[in-house]
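Shared between the two complexes below is subunit A, which pairs with subunit B and subunit C, respectively.
Then we have the complex of A and B:
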């Protein structure tokens, strides 16, 4: 048989051969589907956030990168397994051809799988409702680069190590480093992917981070090509890649992703300077009015205003008409950098993400507390203790507040409300099971709304008890509800 | 033609090849010899997978010691090692295709035709899409032979090729190799003297890294002329004898008291040639 000879031809045919095998590899596509499914599951119910979702998808693609690393290391070490060395030694195609082909095939397929996982996920997110935040294309590209990096690292490990276990061991070490350094501290950005990122953090140095990850990929590709013998071209490539990786990594890691809040009073000076103007400067919000309420969102978050309005509407409708004419504005708040501003004229606050049921509950509860005068009595910021200093048990207005908020979500005992991934909100007011029970009774009783409106002023007096309120509202009650030990103003 | 001159190979202090001289031409040459005689080492040197310690090989005017010429030579040879490797997750087709690429067959369509041809040659067409890990030992041996046949090499080196083959497969193998030997150089090592008798025009018997016999199978059998006997009683003086199917004893060496002379075979010649070593 006449064969078309040539080094490039062998590498090209091996590249196709390896690519076809990788494209059928169950581990690669199993990991891709796993990443896609996990990420979709974890973000269920949440509105898309184009600043955060790509970063989290990239972080989740670590699972895919791990699979790719193992597959690449096995493919690269294949020629030394299963008694093949003697069979291959007598062939004109050399180890360099095989390394080069695997080195081209694995990052390509890994990048394709990562693109499917990340862009597939973002596509699903695109269909799941209006998104907010600013999309950064470098982030999903980093997922692709990180998978390519895992592939070349896997090839280098497979070429340089004699042990099949080396690939999984490298995965374990990298996994440990990533999961123990995934937030805070600039070293986190020396890792190929970020596991944690929040919408009110400073912008990531995503472009330079992408360059860093790509340089790592090339570096390990060069290292892989130095087996079985050191040659000039791959050595130069590896050194050049190192020359790019070190400064880009240094730049990426120069600034921490998040400046930890200081203990004690949090002032404007404690706000990360990189985001100070964004969250505390002039004209930070874009405001618009919908059905008599002013909603103020940070730029890029305007698509969520209809969602906030829709979440509040049942509670707003439960209020007397006189109150509905001068409702406070709803203002988006970056809780990470909240300094207690607007305390004199507190708005209703909505967070930087949207979709969790607790966020709807918090917004409705804020409205109910404002309407019933409980707002002054609560301190609505991330407290760790549920031992509220203000006991509002037994008061009629507590019952009405639970009833108003109950239009949005069922009444319940005080608990921490998860208003975003890092912030839990605890109201500084305490009520008990009796208030919850009577609120449920009110919600189940027809015609209560008109009677609440008719007796609003009486019900709002701190001295009016729940028993009196139930009598006024014409609701049968079997048990008493004791007044709180620490009545609020 | 392949000229081997004063070839030697040492593993530490042990000399596996010791100044071997051999010339190989078109046809099938069988290598016989006890374990450790140097057969596999010789074949590995010929296959360019092992560098000799001394001496030279000249194959078709190419010197395997020269990297460029070695690559050219590799394009012209097919090699079935003693313990061929298999990727258990590759199909039979993929494994041979992979080797074909490494044999620099870069035209995909023609390569696949060639892969199908060699698989058909060894009777594995039906198993082309079966993973090698699921093939029987005999099938895997045939698969290893198939990859050696790729590209119709000028020099075919087969190290114990009939191991694991059933009688029918051995017959097919003999037919295939004898046909290949009509137009190219085939060197095979084996412990099966029947294969040598049936296949090879030429036999080289090796001992301690040297060729102690080089001739036709008939000439090898002739070494035992007058030394092979059939007797009714077990001989007491001979160290090499065995009971045959008809109940008589076949003896090598001195005539037993009741012995009748019989025609020697290749195996008899081989045993007589190696004498004490085999008897031991």
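Then we have the complex of A and C:
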């Protein structure tokens, strides 16, 4: 056996050893399992969104990358442990062979673990219901690249630093920066993971960012190999990787930050130009009809139409047949970019995410307020003056509205409803505890539906009181529910 | 080695030292142990914490949320760094010493833990000076959090050192802390141990829990510092 073949054999042996060791490493696989379990837990109840879910999973895989960095730096610094230099001096293979073996083994196993975590999570999501949004393959691949980057960075830190604590410190810095990525603006793209994203934001520079992260991984591999002995090949590799990382990082970070919606007037000019056409163009929605109702969704969100229809159906069935024939269309709305251009019409809206119970409540309440005229009364008033308020307490139609919406979710006092990722809604119409109590009573009384349909026109008059309504509906009532000082007309 | 007096052992069996004498020996030992401890990791983390606190949002007042996050990062890292002080290269050979292992390890814990807490308090004072006037930033609650992190770091390193000698065993502190932080940081609000805003939400409940668990890591540390060989 020649000397070179012997040394090649040493690298192979060491590579095999390191790979086997990592494949059995409890920290690496524990972190993989943790990422998978935590991300699945955090997205419970939410319908899959193929645009956001991979980004969130990649963000969570930072935890795995942190574990990989610590493990890799420990493996790289192993040969300087107490007593090791003396023992290793008598064995074939030098520090550069050990470094090379660790550099080949850690990114591969780390990438495998990240792939298991991210694609495992996406597999679970695939099975958990219809998904919407556009899938970007570069996003989950970034998780794999980020883990490989953490591996080579860990080896470089382990090789260059005397202190074992250096690895955790690098983790702390990167972890802090990534954790606070919502404050970093475009500079966040210079980090290996950029998890700040919402469903109605513009497409991300994910491809060029993936190239950037891979180049960083190669760069730190080269830097690690330069420590035992300065040689041409790793130096050239490091410089070439830097040559790729700088322009690709610059391109990714040149992406202007997303315009954040602030308080005050929000016009079409404030909408991020990258999404203006998508959410405010002439042909933004794809409409389809299901059982007499037209649903308009943004492209890619059509799979959720059956879910919206299922959520609304009990409330729709509670309406009289005459109303059911001309229901307004249900229109998906990107709340981040909503400028009020349609003055609240149509009143039935669905958001960019789906799954939160409040979203069903809001959709049913929208329908109930439209059917009972509360929507028109309140929005007509808000056209006169934004500060004007009127009171729907004590009116029979308020009780009917609560009863209609109550088919979907139990009546409750007015509160902020979480209708989307970052949007909450408060209805202009306010009601009190008495209305809620009587609505619960109506819901518990059999045969109310037919009587409501029979007296619908009387019940809808703003002058009809709740006590009159209860008498009409043949329901026993106790205390009166008084009308407010400025009742809505 | 000055720590081993030939008169105190017969054929390798440690002789029980009376308690007052043990206290005296412990005090005498503090100096040599302080020199024997590798202060590198703590020094490095101290420099790092100083840089972090000085550089984040440099030139403008620090946000309370950021300050809270930074003090927690500092607390966990200081806990990990202090754990390296427990590494005793000669522990395998020191079965027969005038002072039992637990006294030596306890001294190391006190020295390194004391320094870690001191560094953290200085860092806290500095963070406080960068906060806007009148910001709520309670030292007691945060110190309890830091105390638990430090205890967990020391206890896990002490446990690992029973099974493996060398500096790498002390990394158990990092690993255990890292795992615990990950396991608790994303819990739902009512169970979250790291409330993100001082004094709001479940802050008081969380800190009652922190205070209740404070003795546990130190109890564990006490068990882990016992003699390896009986």
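In this section, the second predicted complex is superposed on the first by the 457 of 489 C-alpha atoms of A that agree within 3 Å, B and C clash if a C-alpha of one lies under 4 Å from a C-alpha of the other, contacts with A are read in each partner's own complex, and residues count from 1 in each chain.
In this text, a contact is a pair of C-beta atoms (placed from the backbone, for glycine too) under 8 Å apart; a residue touches a chain by one contact, two chains touch by 3 or more.
In this text, all values refer to a predicted model and were calculated from it rather than measured experimentally.
Novice: Should the pairing of subunit B and subunit C on subunit A count as a clash or a fit in the superposition?
Specialist: Aligned on subunit A, subunit B and subunit C fit with no clash.
Novice: Could you say whether A:460 touches subunit B, subunit C, both of them, or neither, answering first, second, both or neither?
Specialist: In the superposed model, A:460 contacts neither subunit B nor subunit C.
Novice: Per the contact definition in the header, classify A:67: touching subunit B only (first), subunit C only (second), both, or neither.
Specialist: second
Novice: Taking the superposition on A as described, I'd like to know which of subunit B and subunit C A:95 touches: first, second, both or neither.
Specialist: After superposing on A, A:95 lies clear of both subunit B and subunit C.
Novice: I'd like to know which partner A:166 touches here: subunit B for first, subunit C for second, both or neither.
Specialist: second
Novice: For A:237 in the superposed arrangement: first (subunit B), second (subunit C), both or neither?
Specialist: After superposition on chain A, A:237 lies in contact with neither partner.
Novice: Looking at the overlay, does A:78 come into contact with subunit B only (first), subunit C only (second), both, or neither?
Specialist: Touch status of A:78: both partners.
Novice: Look at A:86 in the shared chain and tell me whether it touches subunit B only, subunit C only, both, or neither; answer first, second, both or neither.
Specialist: After superposition on chain A, A:86 lies in contact with subunit B alone.
Novice: Give one of first, second, both or neither to describe whether A:12 is in contact with subunit B, with subunit C, with both, or with none.
Specialist: first
Novice: Once the two complexes are aligned on their shared chain, state how close subunit B comes to subunit C by Cα atoms, in whole Å.
Specialist: 5
Novice: Please write out, lowest number first, the residues of subunit A touched by both subunit B and subunit C across the two complexes.
Specialist: On subunit A, the overlap between the subunit B and subunit C contacts is residues 78, 81-83.
Novice: Which part of subunit C faces subunit A closely enough to touch in the complex?
Specialist: Residue positions touching the partner: 40-41, 44-45, 48, 52, 66, 69-70, 73, 76-77, 80-81, 84, 89, 165-168, 170-171, 174-175, 178-179, 182-183, 186.
Novice: Which of the residues in subunit A come into contact with subunit B in the complex?
Specialist: Per the touch definition, subunit A meets subunit B at residues 1, 3-6, 9-10, 12-14, 16-17, 21, 78, 81-93, 97-98.
Novice: Taking the touch rule as given, give the residues of subunit A at its contact with subunit C in the complex, in rising order.
Specialist: Residues 27, 30-31, 34, 38, 42, 63, 66-67, 70, 74, 77-78, 81-83, 162-169, 171-173, 175-176, 179-180 of subunit A touch subunit C in their complex.
Novice: Name, in rising order, each residue of subunit B that touches subunit A in their complex.
Specialist: Residues of subunit B touching subunit A: 44, 47-49, 71, 74-75, 77, 79, 81, 83-88, 94, 97-99, 101-108, 110-111, 114, 144, 147, 150-152, 157.
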